[in-house]
């Protein structure tokens, strides 16, 4: 296939800079697309590290000022993988410059920032997407298909958790390189924006809108050394965030995220119970979907552990042979493929900036409810 | 061992009448005790069924009026296994007659009833206990021991669910024989008193008191045929009940019970995350405890699936050999054994009526919060 | 129901004496039968222990000589739960005295002994049964039903293991009370007769006869202190026994038993792969059956974990409610119930002595093959 | 790092051509190496497909004759990913031309072919390796480390299975593109060389040499349409292959491979039981290692499910963050990295051609034993 170049300017070289680079670099090996991402430039303030990153991944050039990157004529797409407090300004500037924009989640640090970003991309009419990558886990995509086909029937319950345990030690500092997620000024919030946002994005994709929430947050370790100031400072983020929710479709939900659940590294789990069938999935075994169908014959009815590696499972015809599992980074490759297909087809792939704003409205409501002790409206 | 008889008068011949009868009948085969329960009488209004039950289990006599049973001199212990709306009157009368009293859970239909029952047994000074049997699942008892030994350290999170799916069909009637749990007048509440009460009893035993809750309840099927009236009537019970909780020790919790979770028959699960270690247990595989200890060597650290069948596991030296699991009814046998040992030792086995009252204070607060939309105090 | 007494004389008070006693004592509480076992007498050489056992279980009388027990007119059924080297003589004498005979497995120490026992019961025309209890695990019984219904189609593979780890320490002595299974003179063989026999009995019940085998045995610890002689002696039993097998139906199999598999207490597992469906079961989670049906819709096809606790599962309508599991000893209760129903119906419940002889022919062939290094015929 | 090019000439564009290409193309993104593979040429007889493959993966050039490829001066390394019947001639020619040689497994169609290949690379003194990729699953590599550290102690048992179900249908043809594994002339053997070879390679790496074997093979479907001849022909391969084995260290083993195990796509499992600890792993959840350590405290001793995603797990510091799993193709990337590191360090990475020959000696012995009905020596 004759392919058109899609010249990418990446901002940020951290964990997400790596997953995005891998996605752009590999997507054409596995998907037949009419555009081929080119790693045109990586941008970061630390030039030495940026150069090393460029060498590692094969970026053609390096920038140290994101405004310079946006100003370049040879860049088609700005991909934002820098800390949360940079998303708003970069995205708006990129949109105004007519660039396509992809942005790591959460979109902004709060719904106000996100709303402005939505306005900017929609006004500019540029392609845009937020990297809520878990929608593209094949098992989760299959869950979406099964729900849309009506396999579950009326939905009664949804529950999601995102459990980690990496900040239990009180000796862990906050802030700076690699730890900006613990610095409320940079991150905006704690696990609410970092982890619950993933759970909420998937939940609303699978089960529709959330009407209202009752939230509870806690900061277990109240003070930590700050890496940038060298001072022991008050911790501003939430360490744990839980909420009850009522969905528009009448179903009830519990959501929980924490970095204090010993034994869980990145245990994102979701379960949905319908009239006829139920689904369970977890990120620690992301290549499996647990499915229960009450319409199965009684004596042999049970939860089915579906190994999502067959050719008729979403995305899996692009990979290996049945039985051979894929991993985490593949979700980004799928998202890159869908984004490019959206450019070709004219139907933008989700989640767009606008889709992601809905998630931020819920996280804002959770934080508001945790303060007010009241149920809060989550629809903005 | 020379054993003294402990003459039992059972009220009720339903599901719980069977589990209690089995416990009393078998306990001395497996535990060395200085009293031996004697199945002296079973009491129920339906004489024919009571006779059949007596024949099946070997009860010496039958009564059809519980007041007559309580009046008998040859009965040491009244065991209440009849529907919830009978607990209050029977327990108080039995206590006033100087009988020991064992009562199925929940104690009363609400904390007001339960409080009066507590007053009665304490005033009378009679031995008393509530059948919160899940404390005596060996895996759960082991969890208690590990927590008390400090293996988990500071506790951050508790979560419990009790999921069933047997009332999803709108064609299921409410009320009457076998279905009184769906009749609010008899049951007092729906899953809150039936299922959440179990979760709360275990939770407070393992993790201490609950200070406050934010609750949410729902009745998915609003009207059902009532078996006693023959009319389609409003359903008064809650079909689902969820709440967030703050424990006195600063840990946070989610609780959920429902009869609308397709694929789950009696899935009571609990998880507790501490600073050093975490525990998970579920009723569908009750003979296993999942245990994670962060102090294990890093490379081989993982969740341990402990098969609770060894002689050094709680209660298990009374059963078979390592590897051979026990089942549900054994929890009642353990409770009967502990009750009798409590009589001998003078240290009453828990949960007493007073212990069970604490649970009813929480369930009342959950229902109150579901009405008020506010956090409610759960300590009475 | 008017029930006729079935007066049981039990020989042996060890582990199996307890499981059989419990079965006879409980069976009528859960099954409607026209006979009721009466614990008439227990027989053992050690009178003090026999008396204690009788008190624990409620036996009416005690004998110290099994010949005296057999001579009693008030005994209907002789139940043999004593070590393997006693089976042959007792069973033949009991049959000749016209008693019904139930015998712990393996039937004899070898096929020659077993053959004589079969002749005796058949000549006497007395009811007889061998306690291969795992046939009555509800999940295993369901497997049998599914196979018989043709759900699996043509069978290609069978595999079974029975893994334990309790004899790894070289300090463990052999012989005497509680350790006779390590004494070849008493036991006849090691894991071949103790563990493989279970696997073979189930396998031939589910999958038909075994034509030939290639076996391999090993004794890892060559010498152990003998408790009866006080001497360090050569160990005569096999510690591990493995074999390949060809079934009459053309399917291939691996079998393995060992007491040197660290981490496994009583892990009996079986798997059977058919053209259309496969089944897996293990004793450590005996209340589950894993079932895979290739005819399920492709996208949601997976191994179903069937929680064998519903009323339409074998035997389970006699127990509690869906979701509540039973344990190990229930298999003996089921077997006692089936034995009694066999008496009533005139169709003897399996496995009879003759059925059990077929298993001993296979274990003999395995041991023979382990010596010869050749494939050996297993059909006698 | 200044990197030297390593110019790769790949032969074959099938499933393995893709995994190898991906490995060469990605390895430097994740590993710091002093050589960088360059996709210099792909070679295949079908020019159109070879061109498409080259475009998909970015190969610089295409050859249709492997002899021409080997003759090129600009190729450093010949990578053989073509069907088994081509391995022998290509490898020897490549070695004679002084090229490094990597070869898909099995090395030859039998030990005679493999022996000649070993001689060729050793005589030429060229770097060589066989793609037994499962050694580089991080969980399997960790197993090797734990065994080498003595964590398991004396080994008693090894068991391995490789179960698939893709050839059950009798309508599946044999031979030709995508199905050459069913054609005995091309493949050499059936599941013995295709699947058991993997099991044997890992087993001998983990547990040392295999002394002797007793094998059993079967061809369930005796005739299939041949895609190349258009005729229904006798099937020459084995559909299932099982064997018992004695290791040099005294441990006993069962091995089994089949394509007739309904419900299993690529279920490679291995278990090893030692005096102190045991290990279990399976390919369907390749990112987990099950580990049991008897030295754990008794009450909480259990099988640990280790999620192999932490930075101190083999290879995992090159990937994402704890909790995020990798997939199948990563094993090839690891192998490519180790091969290149072996070039730099001068210590060749295993398995070399010589290592792989040992596996072929075992597979030959299995096939010989299946014919002879005798135990056969497996050490050549």
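Going by the order they are written in, the chains are A, B, C and D; count residues from 1 in each one.
Everything that follows uses one rule, which is that a residue touches a chain if its C-beta (ideal position, glycine included) is under 8 Å from a C-beta of that chain, and two chains touch if they have at least 3 such contacts.
Nothing here was measured: the structure is a model prediction, and the numbers come from that model.
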Item checked: Partner chains shared by chain A and chain B (touch criterion as defined above) -> C, D
Margin query: Contact counts by the stated rule: is the higher one at A-C or A-D?
Written below: A-D
Note to self: Centroid from C-alpha atoms only, then distance chain A to chain D, rounded to Å. What do you get?
What the structure shows: 36
Check: Taking each chain's centre as the mean of its CA atoms, how far is chain C from chain D in angstrom?
Finding: 42
Next item on the list: State, to the nearest whole Å, the distance from the C-alpha centre of chain A to the C-alpha centre of chain C.
Entry: 55
Note to self: For chain C, give me the residues that contact two or more of the other chains.
What the structure shows: 264, 303, 307, 310
Check: Which residues, counting only chain D, touch chain B once they are in their complex?
Finding: 142, 145-146, 151, 289, 291, 293, 296, 298-307, 310, 312-313
Notebook entry, point to check: Hey, which residues of chain D end up touching chain C in the complex?
Noted result: 156-157, 159, 161, 163, 165, 168, 214, 216, 218, 220, 240, 242-244, 246, 250, 252, 254, 256, 258, 260-264, 273-278, 292, 294, 303, 373-375
Notebook entry, point to check: Which of the residues in chain C end up touching chain B in this complex?
Noted result: 15, 18-19, 21-22, 25-26, 28-29, 56-57, 164, 166, 264-267, 283-288, 307, 309-310, 319-330
